[in-house]
Amino acid sequence: MKPFIVPGSGGRHLVEGIAGILGVRARPLAVETFPDGELRPRVGALHGGDVYLVAPTCPPVNERLVELLLLLDACRRAGADRVTAVVPYLGYARQDRRAVAGEALGARAVIDALRATGAQRLVVLDPHSRAVEAMSAVPVETLTAVPLLAAALAGSPEDTVVVAPDLGAVKSAERLGELLRHPVAVVRKTRTSGSSVRALDLVGEVRDRRAVIVDDMISTGATIAAAAELLVAAGARPEVTVAATHGPLTADAIPVLRSAGVRRLLVTDSVPAVAEHPSWVEVRSVVPLLADAIHLLHRNTSV
Amino acid sequence: MKPFIVPGSGGRHLVEGIAGILGVRARPLAVETFPDGELRPRVGALHGGDVYLVAPTCPPVNERLVELLLLLDACRRAGADRVTAVVPYLGYARQDRRAVAGEALGARAVIDALRATGAQRLVVLDPHSRAVEAMSAVPVETLTAVPLLAAALAGSPEDTVVVAPDLGAVKSAERLGELLRHPVAVVRKTRTSGSSVRALDLVGEVRDRRAVIVDDMISTGATIAAAAELLVAAGARPEVTVAATHGPLTADAIPVLRSAGVRRLLVTDSVPAVAEHPSWVEVRSVVPLLADAIHLLHRNTSV
Amino acid sequence: MKPFIVPGSGGRHLVEGIAGILGVRARPLAVETFPDGELRPRVGALHGGDVYLVAPTCPPVNERLVELLLLLDACRRAGADRVTAVVPYLGYARQDRRAVAGEALGARAVIDALRATGAQRLVVLDPHSRAVEAMSAVPVETLTAVPLLAAALAGSPEDTVVVAPDLGAVKSAERLGELLRHPVAVVRKTRTSGSSVRALDLVGEVRDRRAVIVDDMISTGATIAAAAELLVAAGARPEVTVAATHGPLTADAIPVLRSAGVRRLLVTDSVPAVAEHPSWVEVRSVVPLLADAIHLLHRNTSV
Amino acid sequence: MKPFIVPGSGGRHLVEGIAGILGVRARPLAVETFPDGELRPRVGALHGGDVYLVAPTCPPVNERLVELLLLLDACRRAGADRVTAVVPYLGYARQDRRAVAGEALGARAVIDALRATGAQRLVVLDPHSRAVEAMSAVPVETLTAVPLLAAALAGSPEDTVVVAPDLGAVKSAERLGELLRHPVAVVRKTRTSGSSVRALDLVGEVRDRRAVIVDDMISTGATIAAAAELLVAAGARPEVTVAATHGPLTADAIPVLRSAGVRRLLVTDSVPAVAEHPSWVEVRSVVPLLADAIHLLHRNTSV
Amino acid sequence: MKPFIVPGSGGRHLVEGIAGILGVRARPLAVETFPDGELRPRVGALHGGDVYLVAPTCPPVNERLVELLLLLDACRRAGADRVTAVVPYLGYARQDRRAVAGEALGARAVIDALRATGAQRLVVLDPHSRAVEAMSAVPVETLTAVPLLAAALAGSPEDTVVVAPDLGAVKSAERLGELLRHPVAVVRKTRTSGSSVRALDLVGEVRDRRAVIVDDMISTGATIAAAAELLVAAGARPEVTVAATHGPLTADAIPVLRSAGVRRLLVTDSVPAVAEHPSWVEVRSVVPLLADAIHLLHRNTSV
Amino acid sequence: MKPFIVPGSGGRHLVEGIAGILGVRARPLAVETFPDGELRPRVGALHGGDVYLVAPTCPPVNERLVELLLLLDACRRAGADRVTAVVPYLGYARQDRRAVAGEALGARAVIDALRATGAQRLVVLDPHSRAVEAMSAVPVETLTAVPLLAAALAGSPEDTVVVAPDLGAVKSAERLGELLRHPVAVVRKTRTSGSSVRALDLVGEVRDRRAVIVDDMISTGATIAAAAELLVAAGARPEVTVAATHGPLTADAIPVLRSAGVRRLLVTDSVPAVAEHPSWVEVRSVVPLLADAIHLLHRNTSV
């Protein structure tokens, strides 16, 4: 039997492409929104199906998340044999530790709720925290878009440097640098001796180099804009490129990046675009990547 | 030890009063909302506490629901000894059965998620479906505001008739009628013989009587407005009163009811008011009712 | 692989027919009863099978229920791949809410026990409470025999009225009325104004009409007998017909109904007959309905 | 707070005594039986209580077992803080292994169902299988009445021999022999060489001795009667005594034992008597033993 | 699809043979041991596989057990469709009851941990406690090597007697005696009247007979050596044979048995040999038995 | 009631001190080791106790881990009211992600097993992965010894630099630097452009400074030795100090560090010493830190 591809509201732009590659038709989804805001999603017939719910929980994140819980329940009760939640962008993944007492472990709470309502497997793409895998009682397949970004940057000049805008992005930067055969620099917050003021500190050689900042996601763009400004101030060439898996999650991000000197922005379509993109924003599609993962999982081959 | 009263964002208007009655101070809640819509609630120190989270999941329902999941996780991890979710208005309770194949059992999915993230007990008030109790693996205390509404209507004239606007409201109407010693009439959808057209049908005597329509909740007001119009058409006196536990959930409800002939609307503060109320809307407080339930649960006495 | 059809003691009259339609042989069941009342059921080889346990929990209800728990354990340990409990009559379904404090939610306790001992899916037929579906953590398929009853009543005269003997039966009555294109009347308990005495109240036109009372089940027949007497007193024609999914569960029911004026009783074989039926009792078989549901579930098609 | 003592229908003869020793009043239990056999038990107010349900699952075993499941659910939902099922006689404990393929592990199925409906601890008395403890996910306290039986037999003549009627009873016999300082003999089923016929075989010296057969339970009495006959045939003195924790579970047992030569039968009141006892049957009460265990568990002292 | 055969470190000597019989290649296992003793096992690609982990938890038992927990987690996360732990020797099975307060139920703790980390089925061979089956929430297939031992002893002289060295071994002895058509004798610990000293007591005729002592396992050999000495003292012929499923678990066992008069030792390869065997030790392989069980489980046929 | 302090075998050196501070006596622990390596731990009477099992799972890590699983089971069955596993050193915490397909998530498998056998809360000290908290379904209190190390280093000269020997240690280094008001440098693995060879790269100013390398644990000492050599090569003063929470886990570590130029080693007693320490190794005790945490948890105050 063929896999069943069912979109969540945040994944409608992905399922036609995925279904096409897999040679099936995407399953229908109807979501009614009541005047008081309650959602009533409805899936089609799924008895015995190997179901892949393609549902990034991007903004409006709480709507998308509750919808996903309802969809999981619906799939289970509709008789699906196995339900895999394909969540290319996983909201709340940044809440993977309690910075201060009294906070929630939001990432874990979300993952617990997904399982409680019926997710039997998860597929995520460059989650903010790699610990997502270990937080989950059900198996998690972690995909990465870094090779996709590398392909788009192939042929970048020799004087390019890959930059991690904070310590959390170092692994992605190392990976991208390795694929492109460029050196890596790191921006980190630091303190000057004897003071408690924190400043950005740049590690690695960037003078007269073209910088490619890489990160897993761009929300407001503030972290990346600060890094870009620091790079230029440190002598990097003024045309900064930014490459991220998850594109702008807020509409403000694009002007913020532009005014910080970013001249090229490379993202994927893991989340729907928040606005019309200007020409200096390039979007690469994760559809082939997701289709391939679903194909292998459905065929029970290793991802 | 005293109980710990913690609000959710939808319960802030309730906790001061509850805490005052119980002789404690409400615990602080801080909720940060990120630019991309993610919530980061933070509770205070709760170690060993018998915690009562007062958090109706009213509109914006999905925000409130996700916040409640996060709060439950936060309370558990902050070391609370026992966490009771006091949810006077329980969103998604209407989704208690699948009307057509492919739907979710939204009420059950919500209850499963509450439990997965740490609710050990639930307190609900006039939930749309009594089956909520049986859906839950953790104990549920079901409170009713009908006596409160009856008290507000005490002294109503002898020619009053209590009206259920549909079959689901019959039990509340019977209860209210019994307390006020008035007869009960019922509006129901029906078919005329040999046709598939549905119309409203009125059961019971209403001519020249003052009607009090009673229901568990008012969302858009459409069902009640239709009942009110039918009553007037059937000869009821034109000043219709409406009594409901859960007040208008959408801003449109008040003009809709007014134009259907409603002259008095009686609701509780189980949910925060959506707008400034006109003078013909009376709000009775469930604060004493909730405080009493929490007091008894904390003291381990039967509700 | 073909489905495995295994009877419980209460389903022995159903499995030959079901198996025949599905082109398989019913699996053997041996149940030893010890002198002290303990049951020792034994199923045959089931390794890897898609097993359908056909086991209504009709009287003796506690025997049948414990037997079903043991059978579920036996199937699981015998290596069944998937076990579906097909429980056309589900005992204890009426205990779906706590009428007074201190009671059990019997329906939920039963469903929890079924799951704990290994049921992975449930199939029920016209359960007393639709909330059964939402009480269960495992998927529930709810079948209805109303179309079967309607077929048996096809060609009923134009002056027929379908009657719900209490509010709980209104949905079935509406459904039957729609199929037969007859109007619907409702019997309900009510209070006369200012009094606490409850009486039966009849809603809808029945004078000179032939009444068909419809309900989900007949236990002692008392509720239906009272309705029948009320109908005749209200001028309905004296030959009352009764249609119910689950036939008499106690032997007294038949004389009780007869003396209340019932002239035709239509039931299904969802439970074994408690006694020899007189000629005015007709039994329609749910075997094709159950076989069809099993066929679709086994084929993983929507029911 | 004092412990709450709640009887099941099979424990009504025990709770007054237990409650008296503990200085409390037994809590009320009402059990309604519907005409179709469904039970509707109702407990009193239990909020926050440390509840001990005293409910042997003796014959009618399936009634008692379902009642216990319902009672557990009722206690949990009535707000009990902790529920301990005190089941002095645990039905289905003999089904602790599958003798042939296709059988249930009845003991495990029962224990799983008890836990699923809310038992947080179990107290059992001389269960047929010691493995009950390891089958249970919740803690089990295993009590023994052997010292009680030994006290009743104190002063037995020097020429007494304690006899285990099968291998399963050897541990109890050893324990009793040790307390009374008598030797132990064992009856076991055996085969004669080269044949497949099984016969009883007696191990140990019994000639001219007074035999005390000890076992955990007497159901039909057949096993013990066969042992008694073998003992007499082997030269034991003809007045055989039998001591068992759980008294006759079927009414036939007493004449069966009598005609096999038993002249004294010593049992406890762990289960209600099935019939009027003749004078040669002595009943010792386990009430002090159970009261003591409950006292220690409630006080959180080791049993 | 073919079954996937994956060894644990204790099962490496078994998997080639099993895989050969099943016509597959054993899957690779790499286990890295860090300098501080942590294990890092790694399995190959298992997506969708029906995986059989062949992993006796023999000495070093704690290493093997932790490795098995890690392997189960690895298989689950590697996407295995179903994971069966084939544990021919199950360590900690002797801890099936608490001899004194404060002990663990080691067998249950191990089984709980296996399930928590992902075992969906267990296959065990002559476990020390038959209760293992009822302790497990997941299905357990219990195999026995007794027929294999019987085959190796076929043709033993008519004057042979099968001996159980304690009560726990009686069932195996009965089974072996039946297959070989020899009588059975039993050694048991006993007390002499009026004393608390325990001694070994021999039940059954052994004079001038050749004794075959049978047990499930030989750890240090002490129990069996004591039995052998008793047999010879009681007149049995001096050449004692010992047959056990699980061969010596400690290196001392072989000299201990030899000096107690054992002249032939028959074991299986359920665990790897602890040392070079002298010529009087015969090892029969359980490989065909395990391969057969896996074949049947994979084919979903009854074992 | 006072808390119950119970040691595991790896925590015997801690419990006397902890118990002393809390004004209680440590509870006895007896662990029998069988000749074949099985452990049989036995705890004392714990009924109703709030139990703190102090049991680092340091080398021999698999012994300690299995012992802890058994101890948890023992505490639960001995009637403990609440069991908190205090695991100052948590073995397998480094296996928090799968570096390559086919590996286990060892940290998660261990945490799952702890919960399955009865841990209701965990207390850990500077775990290798902060994600431990989010991996656990039960609440985790994460303690840190960094302030303790800082206190021991108070008064270090102004020209000191705190060094993280890899990216994983940056957070601890930042914290220590902040407490001591010293700058921070970082060692990281890097690639030179166009090559795939990895080398150590030093970020921050160390020339003529005294270096304090900080890490969570020292296993073989190799990572830290490499960092120390790099520091000296980069011009740091030759007397390097090392501060780590968890002291050498292998005996080789001390000579390895010495020969890399380490002149002072500061560790805690979170694990028992593997060998006699030379004079340049200082051990600070975590006993007050653990006692304080237990005191607060027992008093239900926030840690």
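The letters A, B, C, D, E and F name the chains in turn, as written, and every chain counts its residues from 1.
Going forward, a contact is a pair of C-beta atoms (placed from the backbone, for glycine too) under 8 Å apart; a residue touches a chain by one contact, two chains touch by 3 or more.
All of these numbers come straight from a predicted model, not from anything done at the bench.
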Labels of chains that are neighbours to chain B and to chain D: C, F
Given chain A and chain E, the chains that contact each of them: C, F
Same vs different contact residues, chain A with chain F, by half of numbers used: same
Approximate Å spacing (C-alpha centroids) for the pair chain A, chain D: 62
Chain centre separation in whole Å, for chain C relative to chain B (CA means): 33
Rounded Å distance between chain C and chain E, as computed from the means of their C-alpha atoms: 51
Junction residues of chain D - those touching two or more other chains: 45-46, 77-78, 98, 101, 105, 108, 112, 133, 302
Interchain contacts (touch definition) - all pairs: A-B, A-C, A-E, A-F, B-C, B-D, B-F, C-D, C-E, D-E, D-F, E-F
Residues of chain C that touch chain B when the two form their complex: 96-98, 101, 105, 107-108, 112, 129-131, 133-135, 137, 167, 170, 174, 177-178, 181-184, 186, 188, 190-194, 196, 203, 302-303
Touch list for chain C against partner chain A, complex: 133, 139-140, 296-297, 299-303
Residue ranges of chain E in contact with chain F within the complex: 34-46, 58-63, 65-67, 69-74, 77-78, 91-92, 94-95, 98, 100-106, 108-110, 112-113, 115-117, 219-220, 249-250, 252
Touching residues on chain D, where the partner in the complex is chain B: 45-49, 76-79, 81
